[in-house]
Structure formats: structure tokens, C-alpha cells
Amino acid sequence: MADPRVFRMPSLGADMTEGRLIEWLVQPGDAVHRGDLVAVVKTDKADVEVEIFDDGVIGELLVPVGDEALEIGTPLATVVDAGAAGPAAAPPPPAPTPPPPPPAPTPQPPQQPAPAPRPPEPPAVAPPSLAPPRPAPTRSTPAATTAHVAASPYARRRAAELGVDLARVAAAQPGHPISAADVDRAARSRVAEPAPAPKPEPVAPVDQSTAMRQAIGRLMARSKREIPHYYLQEDVELTAALAWLQSHNEQAPVDARILPAALLYKAVALTAAAMPELNGYWVDDHFVAGSGVHLGVAISLRGGGLVAPAVHDADRLSLVELMGALRDVTSRARGGRLRGSEMTDATITVTNLGDRGVRSVFGVIYPPQVALVGFGKISDRVWDVDDGIGIRPAVTATLSADHRATDGHIGARFLADVARRLGQPEELR
Amino acid sequence: MTEITYREACRQALRDALIREPRAFLMGEDVGRYGGCFAVSMGLLDEFGPDRIRDTPLSESAFVGAGIGAAIGGMRPIVEIMTVNFSLLALDQILNNAASFLHMSGGQCNVPLVIRMTTGGGRQVAAQHSHSLEGWYAHIPGLRILTPATIDDARGMLWPALLDPDPVLIFEHASLYNTSGELEETAGPFDISRAIVRRRGNDVTLIAYGGTLRVALEAAATLASEGIESDVIDLRSLRPLDDETYIDSIRRTHRAVIVDEGWRSGSISAEIAARIAEHAFYDLDAPVERVCSAEVPMPFAKHLEDAALPTPAAVVAAAERAMGRG
Amino acid sequence: MSALAHDDALALLRDMLRVRRFEERCVELYSAAHIRGFVHLYIGEEAVAVGVIPTLSDDDSIVATYREHGHALVRGVSARSIMAEMYGKTEGCSGGRGGSMHLFDAARRFYGGNAIVAGGLPVAVGLALAEKMQDRRGVVACFFGEGAIAEGEFHECMNLAALWQLPILFCCENNLYAMGTALGRSESETDLSLKASSYEMPAWPVDGMDVVAVRATAARAVEAVRNGSGPHFLELRTYRFRPHSMYDPDLYRDKAEIAQWKERDPIPALIARAEITPAEVDAIEADAKVEIDDAVAFAEQGTDEPVESLTRFVTSELGRT
């Protein structure tokens, strides 16, 4: 309990913790009685006249009038007995200010899961970079651009229980967080051994064409073994396209003239850009979209052999540029001067056997791609026109697609889109 | 087993209480000569007389407070506030007195009071007559909040509420009075603190109470035709909440949809969602979905009102989202 | 007015001085921060509680406001338990859970301690309803300030009590100020008895500074209510010498007005009227000091409720009734 011989800053209201002494109403030596007003204290609400509950004589005023905020209990003056001789007792030291509260512990950031390790890269295939994620839903889901894998809490728990690496799990719907069902599915399909990466076998000291043949053979065999192909076919009318081409070529300089094949490739490139489900790779049980449309162009080589080097970002090349690129890559392919990236970067391949005179080609997909578009020769066909029959130039387009990555209706949309673009040649520029 | 209306079940419950408990009496606006705004107390005045079926003036604060005082003074009053919309006039008595007397007195003065209120919208009675404030009241410690959604509960909840030494608020959704169903005559104590699973399924948990139980059940039927099987939980009590029942369900289904006729923000669905996050976070395969009333005072035009209230279609869509199909 | 027996006068003085000194001690304790929160003092108004409450029987009930220390003391709640309550100790009459504004003693039918202006009136009406419905003869005395008359609940309760002829005595302690608002600034009709009588009940104004007048009027009113004459209303005209609560700056009252009312201090008035000697006064003062010192010491040594039991008293610990 407070020393009654010290007059302290009183409590002056429920929410008052400190006050300012703005006036003394007494001086040392004044006699005071219980209930006398001795000071005026300023609080947030008002200036209050403060009474003393003691009888005696004011000894010493410990605190001068001023603007300093004084806490409740601060000694303000001493009070001595009436008639006490001598100076007032030494004032007790001011109440120590309470120690500042300990700083709140900074919350530890939640443990981030270790970034998912990248799948081991097959040496011959450059690591695919992730396509930009789909537009995020309004709810926060961790962006695919961070290392954090989006998965529901239950999915994480299941993954931990089953020993499944979340980074290798594909959500049933791309762009959605991984669900427990996805984890369960991944756990079940994990039984099959992972596909071996297609890497060029060390060439045995046989002649090169044989080696190439063997490599192609292994690749094609693997493709047929692992990729569940489905095939779609569409006849595409080219009247408008060829008319446009003719008109363009008539006005263009020789080195800017375009072959019909360029239209076909450009149409495929644009469609691949619009339908990324067919433009990319099947890796470790899930689809990885290509970083761009790098059109693989199947080129037969003299002396047998086949390569399908990539024309990078074919969808962004103008038709003239694409024509130039096709010429360039074809001549370099035949000259054996292809670059490594051209060999590994194709995201979808086109094989055009029109020159060979066949009507259609159902090709074999180049793993790890998920689609191959084939074109046969452009020829005049009997065509159904205006309630009657006419003759029109047309080409048969085919799609060989990996059924793991897409279903028929997506493939069908793809071919339909290619056909539509070929019907609007102006847009292929 | 008899077929009766929800209204009739409420009336039977009142009659039963008045017969078994001589200290019980019903007090409220138009409960006597009018027979009750929703006809719940029709006929009771003739049977029990004006002392025990007491018509009050339009003085919610006074007659709710009188219920509190009468309860403290040894009676067992059942106060009827015509609708939750008018209860706001008595909010001070309910919160500062009924819910607080026991505590302020250090345990000396308990308040064995029952307050019945009609609640909910959907009848084009517009902004001031369509509130669902059960969730608001469930915020207050010291009150028990009951939401009978079925005939059985309408019949069975009043007596245990009357026996409770502390204040109990019973909310009857207006849309239920005319519904009918079979009444099971159960012997033995009636538990008013547990939620009940009204339908079983393993894919998603639908949590509802009062007027939204029917919405959830209808949605569950639709979902079943899509191959999605639902647990439908009738909370029955909003305070205390029976966490165990819905958490157990979510541990099995991993997905939850809460159907609440209150306005979404700060509603009881928000409280339940928080508790699910607290207790079942690692069981969730999808974010908790909530289907609540739109944040707008209830409009009058029917199509707008329909759009503002939780519907089975909205619950179906929410469940589909939770299933990853939305 | 009948002659006042001397013993009677001493008893009245004793009660008034006990209340006065108790309240003054609260000022001191509050200034020293032993009591915190809100404290509303009854100094100057003692004649009201001391005049009314002893006219009630043990079977009667009391509902009061947050300015209720005096009412509780006079009703028989011990100074110890009131002081312990103000210190927030478990030995307090509300277990330390209520504080100055929520003094309860169910055994003495003392139902608060209500901090919402006019909030206690409906409860008082309900207690009276319970008396009537159970054919008991108890009277409910409901104390409130004139500020409550502005609240709708006052009017609802007056109407309901009169409509149902309930055994309730409405005691309006008109100290002219509702916190900082003078009566004339808040009521279009400041004749409160007139206003009350419009509810079809007897409404009697009383000089609240004259304890003998208060008692006589209250006795008549209580008897009438008990005998089934329906609710009555007393307007007890009084004045608080201190501000609304501890160190309200009291800027809204004229110091001259306060001084005038202090000249009508009920305690010296009684001493003079009953010719109570200084020796008698000293004896009473000494007893009061002993009682209050004891109460303070008791409170200071009181027990703090363990934090572990924080969530008690939300639901009853009784079984189902």
C-alpha cells in the first residue's frame, strides 16, 4: 500500500492511466486536511481539482507544474506531521517505469515444402519450360511459377502416406490444385517403370546410315510401344487458299514466293498455339505444355533416314518467314548441319508427304511429343458444293495423337481448326 | 406414427409443456385471442385461460424483460416474440440481462427462460420482415440457440428447453409451419445438443439448419443423380455447435458445403468454416464452400428474393466445385 | 407528520452515515487505484435508500441501478462483501464477477446492480408478475434515475405494470441530471409524477432529502401495493453531491447549485431535526469507521478467482430443474 506520507498522482477515471500536473494549489508549509484540494491535474477529458486524503503539512513539492505525463502513483509531494521540524524526508525515488513489454515473437514463416526436383532430363531433349499458367481462379492458389505445388491439404497428407512426390502428380484438370484422387491415381500408375529417356545410343562402328536407321527404329518402336495412338482424318478444301497463294505469288519477288506446304505448316502452327493441349510433351505421367510452338518438320534425308527438326516459334513467323525457315532447315538437314536445339525442341511435328503422291499419311508420333499432323498430296477431288457436285482442290490432313494427353474430341477440334484456317488464308500471313 | 404439420407440432409442444409444468405460461403479442400470428397457439387461450396465455402490448423490451424477471422469480415463462425481426427491440434485455444475469451475479441468478421466435425469408415480406438472425444470437455466451427443422424437433425441443436452467432461444422458420410429416413418438430423453445426419453419403458434407435443411436435402437428391453422394447434417443447435458430428463427416468426405440463410459475412457459416479449418484442415480436399443469402436487404420482387436466398441449385453448384467438377 | 422516536432517528442516521462514509471511502480507494472501472456514488442521496428500503420485508425484491452501493448496504448486504466485490475478489457478493455496477444478493432478493439505464425495469416487472402469478404477497421496489424516463422501456414497463396491476413500486430517484444532461434538457414534461400518473397509477412526489418524509411515503406506497392496489410511482427529489461517476469533471453543473443542495444535506438535516447529540453522532461515526475499515481490510486480503475458471457462470452449474 502506498506510503500515506507521500501524495501521489491519483486515479481519475476508468480509462485514465496518466495525467499532467498543471497547477499546484498549495505550497510547502501549507497545512492540509483530508478533502482539501491541493492540485489541478489535466486528463484527456478535463482539468480536475484533486483532493488529498491526509492531514498534515505539505513538505516538499516533488514535481513541478508541467506538461509531462505522469503515471498514476507517481509521487507528487511529501506530507509531514504538523509541527514536524526539519526538512521533509528525502523523496522516495520515482517509481521505475515498467519495462517495455517483450517484443512479440516474430511468427516463423511456415515451412515451405522443398522445391519439387525437376524430372531427370533426357540428354537429347532439352528440359521443357513451363507454359504460363492458366488464368488463376479468384481464390488464391499457389502460382505454378513458384516452386510450391498446389495441392489440397488432404492430397498432401495422402501423398505423404503413399510416398508419392507431389511434383510428379498431375491434376486431373490442368490449372487446378492436385486433389487426393490425383494422388491416388499417381500412386497406382507408379507401378509401371518410367519411360526411358530417348537418348541417342552410342553409335556402333557401323556406317552412319545404318546407325541412323537403328536409332529411328528404336524411336519408332518405342513410340508405338508406349504411346496409345488415335487417328483422325479430315479432307480440307483449298480453293481459297490456293487462289490466295497464287495471287500472292504473282505480286511477290521470287524469294518471297510461297509453296502450298507453307500454308499447311502455318495453319498447324497457329492451331497448335491456340490449342496447347497438343503442343508439348508427355513426361512422367503428365502433360507438360511446350514453351512455344516449335514445329517439327519431318524431312527425309538422302540415302534414307528421317529427321524432324524444329522451326522455333513457327506460329509467330510470317508466312514468308516460315517459308524461308522451311527452306533453310530442309537444306541444312540434308547437309547434316542442324543445331542441337533444332533436334530437341520440337513440340509438335508435321509430316508432309504430298510430294510423294500419297493421299494421306498416318504418322507415328515422335516421343515425348503428343501429336503428329500429316498431310497428303493436294489434288482435285469431287466435292459437294451448293447442292451439287463440283471439283475442288483438297488435301487430306491427319492427326496422330497420344490418347494419354488428349481425347478424340480435342483432336477433332484441332483438325477442324486447321481446316478452318486453311479456308481463311489471309489470316495465315 | 401420425402425420401432422410443423405448426401443429409446435402447438402440441406448447400444450404439453403447459400441462406438465404448472409454472409455465406463454406470453407474447397476439398469442391469446388471435391464436398466434402463425396460428401456433390457436385454441390454447380457451384451454389454459388468460393468465397462462398472456397477450401483451407491443412492448418487446418490457415483455421479454418481464419474462426474465418472472423466470428469476420462480416461473417458467415461454415468451413468444412474433418474429426475429422484432426481437431487435428486446436485444438489450436478451443480451444484457438474460444472457448476463447468471454471470454478473457470480452464479446466483439463473434465468430459466424460453423465447420462441419465427425467422426467415422467402415470402415476399421484404427487408424488415425477412431476417435470419439465429447466427447473430449464437454469438452470445449465456444463450442456447435451437433451430428445429423437422416435425420431430418442433415437437420435441420445447420441453428440454423448458427444463434448461438457462435461457434458450428457439427459432422456427416461417416456411416450415405448413409442411407436414410423420411424427415419431419417442420415449426417453430428447437430446437438443446434438446435430443429426439426415442423409448419408461419402462424397461431400452438406451442413444446414432450420429453413436450409430442406434446401440441402433437395440438393443432395440432385447430386445423387450426378453420382455425388452427400452427408446432410442438420445442426439443430447453433449454440452450442455440435462440432463432432460435422467434423466426423468431413473426415470421411473431405469436402464441405455450408448452407446458411444469414448474410454471408460474419455469419454462423463463417464460424463453422473456421472450426472446420481448425479441426479438419488436413482432411480437406477442397476449400470449404458456403451458400448464404446475398448481401442485400431482402428485396420484395419475387425473382430478386429467390435470387437472394440459398437455393438447391446453388448448393449443387457448390458441391460440384468442391468435387473439382465446377 | 408523527413524532419521530429518537431511537428511530438514530437508526436512520446510522444507515445514512454508513452509506455516506462507505461512499467517501470509495473515493479514496479509487484515487489510490485500489478500485478500478466505474464507480457511481450515492453521496447526497442517502435519504432515498434509507427511507424506502427498510419499509420492505424480506419477501420483497429490489432492483436497482449502477448507483446501488447504498441500496445494497441498507438491504443488509455486508460492507465486507460489497467492498470485496469492488475489489474484484471472490468473496464479493457477486463473486468478483460483477464489480461496483453489478452487486447481487439473491438470498436478500437484491437483483442488481443494472448498468443499462432503464434496463432493470422490465426485469422488475417480471419479478412482480411472478409474485402475482404465484399468489405471493411480495412487492418489488424498482429504483432508477430520472434519466430512465427518456427510455422507451420505462414507458413500456409503466404501461404493462398498470395494465396487469402488478405489485411493483417504481422509485424514481430524480437527482435532476442524467450524467451530464439536465432534466430540463431532456424531458418536454419535467413534472415526472404527472407523466407517471398518465399510466393510471398513483404517482407521488417526495422530498428526497428528508429521510422521514421518504420513509412515511414509501411505507404507505408499499402497503398499498402489497394490498393489491396495483403499481405505484414515487418521484424522490434528491441530488448527488458528487459527479455522475468518479471524476466526471462535472462541467455541466453550477457550483452554486451544488452548494445550495448541500445545505439540504439529509444527514445534518436529520441530526438537527431529531436533536441527535454530537456524542451520539460520534458513536455512530466510530461504528461506521470500524465497519468500513474492517470491510477494506477484508477486501484487501480477498482471493482472486483462478484464471482457469474464467468460463464459469455462462451456464448454470445446477442440474436440469
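By letter and in written order, the chains are A, B and C; residue numbering begins at 1 in each of them.
Heads up, the rule we're going with is that a contact is a pair of C-beta atoms (placed from the backbone, for glycine too) under 8 Å apart; a residue touches a chain by one contact, two chains touch by 3 or more.
No experiment lies behind these values; they were computed from the predicted model shown.
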{"item": "Farthest chain relative to chain B (centres taken as mean CA coordinates)", "value": "A"}
{"item": "Central chain (by mean CA position)", "value": "B"}
{"item": "Averaged-CA centre spacing for the pair chain B and chain A, given as whole angstrom", "value": "45"}
{"item": "Distance between chain centroids, defined by C-alpha means - chain A, chain C (Å)", "value": "71"}
{"item": "Gap in Å, rounded to a whole number, between the CA centres of chain C and chain B", "value": "40"}
{"item": "Touching two or more other chains - residue numbers and ranges from chain A", "value": "none"}
{"item": "Residue numbers of chain B (touch at least two other chains)", "value": "none"}
{"item": "Contact footprint of chain B on chain A as seen in their complex", "value": "139, 152-157, 172-173, 176, 179-181"}
{"item": "Chain C residues within the chain A interface of the complex", "value": "28, 30-33, 36-38, 245-249, 251, 300"}
{"item": "Partner chain B, residues of chain C touching it in the complex", "value": "61, 63, 92-98, 102, 104-106, 111-116, 119, 121-131, 133-134, 152-153, 156-157, 159-160, 163, 312-321"}
{"item": "Interfacial residue positions of chain B with respect to chain C in the complex", "value": "25, 51, 56-57, 59, 61-75, 77, 92-93, 96-97, 101-110, 112, 141-142, 160, 163-166"}
{"item": "Touching residues on chain B, where the partner in the complex is chain A", "value": "254, 281-287, 324"}
